[in-house]
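Working notes for the structure below.
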């Protein structure tokens, strides 16, 4: 087994054993499910919608990005933990490739965080598939997961690998709340400088709008700051949005790698 | 009353990582408000919302996260558990410091808002005195949640995840939470994100009661902290 | 202060039986507690300090029942504890750390507390580095500071768990001497797997094996158990399979073995005078072959 595969495998196992991942998933989705099934205006709209594509976006697609930050909390200590436990020294003197180990750790941690959310998407997709007799709902669940959840988790994971190397973990956790709040909760109508409805939106507005028919805004807004980041929503700009999120994640991870190995040399 | 020296030591145990975030949050949000008012000419309602958000969103979250970090981070826990000063008393002292600090910042901000006239520019703001429940109720609720989950799990990561998950859920699902009375009563952001006007007082009192109950439950759980011995210090 | 441990058992997570029906009396003075890793020593230490509760049995310390909250509090007021895993606050200086611990132990009077901290820093030879942050302390310095914090409240009961771990030989000797001096007017329980620590400081000891008490008596008696069972032999080949090899030293192209065995391991093996370590090994051999020895 290569160092990359071994690290990915063990990081995945260690993370899945931690209750924090499951708590961070069960609490919000559980509360949402309780409220949604108690009879709400949103539920009425959802029960009338028979298109699995728009249904997945309307039921889960809008909700998950707001929660991606929660996973940043859980992932915040994964890299610095090795140093605290004294394991980093032990592993650094092995002949294994250090970049492969770091990348394996990163993917393992992100995958572990993704698994509980994937289960939620699977359950919701299966429920719709059975209820509406639309098996394609499972495909749309997978597509929503891939387009909305995966890029955000990769970005959050990269931030969680870099941030705690620069500052104490509790401070990083505080900062990530501020970043996500600004990026995810400020409305473009408020005219504050905001990434909302832009190609850098952390609520994945462009992919949701273009690929899944979400009614949330994406595109230029009169009078808003940073309109240069809001081209007309098309397939191209939606793909651009995904690519930019992934590129930023890659750049942050590269910086995390450089810092990690600069410190150990 | 224990000596002041002991409180000074516990302030150091809390550290700047617990004491800085509320100050940062206040600084940033006030800057945003001032910038909006002076340079960008935003409507006063928007600026008032930013200032009220400091009280109802940012500061309670900071307090909740500080409370969630209390249990499971002490490298000297095995020694602490053998001292005649009960460890839960030490935890409570640290909680008083971090939550008290948030209260100081919240009160200072509220006084400044009242004195400058910005308090009443937010339509849902209540009178200055009962209006302090704007920050006090969600603060006590999130502090209680952080302490309870921390005591249950002995894991700051788990406890912080719980606090932040609930905070973010309330933010994301504001519309859903308004549609039933029971969920309106437990809604953290009734002042800034809106609620049925007559429900505000009941909402604040419900949050206070929930916070007190969770804090008491956490306190009771900490009677038997020997589980902490086997936990990895985070 | 006398410690009475009566039929105490402790199981963790329903599976790991750390202590099994242990009964033991510890009189004033210094007593050694020996045992291999995993024998139950740390579990017993934590029971004596009130950190954990037994599943069954009773512990009384100085007449205080450790099953009650009042009893535990009364003992903790007169207890000094040096744990095996000694955690500290790296951002504090040695003086600040002792001051903080003193406050938690109830030493509220400022001048008395300062005086006490100063005395103890002198006692453990850390006065010169009292203002240095703990993150800059070596393992030995941390251990010495650990014993200093245990003595802050002038305890009647001192429990030290693996106190010489990580110390160099000189520090170890200094530590043992200090412990012996401290035992003159208090009860000291020294838990360790290093036989020499017990040999150099204690006349009484108990031995735990797989959670059970397998010996309670004097150091001399345990040493005596190995009489006629300790052998010295020289060989060019591998050690004999019978018995336990305690040492293997090069000797002019050959190897001199010291072996504990019931019968001579070879024809040319010579009997030698036993040490406490030999006695401990002989006891372990007997324990694994026969039922547990009744407490002396």
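Order of writing sets the chain letters: A, B and C. Residues in each chain are counted from 1.
To be clear about the criterion, a residue touches a chain if its C-beta (ideal position, glycine included) is under 8 Å from a C-beta of that chain, and two chains touch if they have at least 3 such contacts.
These numbers were taken from a predicted model, which means no experiment stands behind them.
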* **Best-connected chain pair, where connection means C-beta pairs in contact** => A-B
* Asked: Whose Cα centre is nearest the centre of all Cα atoms in view?
  -> B
* subunit B and subunit C, separation of their C-alpha mean positions in angstrom -> 45
* To do: Take the average of all CA coordinates in subunit A, do the same for subunit C, and state the distance between these two points in whole angstrom.
  => 51
* Inter-centroid spacing, subunit B versus subunit A (mean Cα positions, whole Å) -> 26
* Asked: Can you name the residues of subunit A that touch subunit B in the complex?
  -> 18-21, 23-24, 27-28, 31-32, 35-36, 38, 40-42, 63, 66-67, 69-70, 73-74, 76-77, 85, 168, 170-171, 173-174, 177-178, 181, 185, 190-192
* Of all residues in subunit B, those that touch subunit C in their complex -> 2-3, 5-6, 9, 12-13, 15, 74-85, 90, 226, 229, 233
* To do: Write out the stretch or stretches of subunit B touching subunit A in their complex.
  => 17-18, 20-21, 24-25, 28, 32, 36, 40, 42, 46, 57, 61-62, 65, 69, 149, 153, 155-158, 160-162, 164-166, 168-169, 171-173, 175-177, 179-180, 183, 232, 234
* Mind listing the subunit C positions that touch subunit B in their complex? => 46, 49-53, 73, 76-77, 79, 81, 83, 85-92, 96, 99-101, 103-106, 108, 110, 149
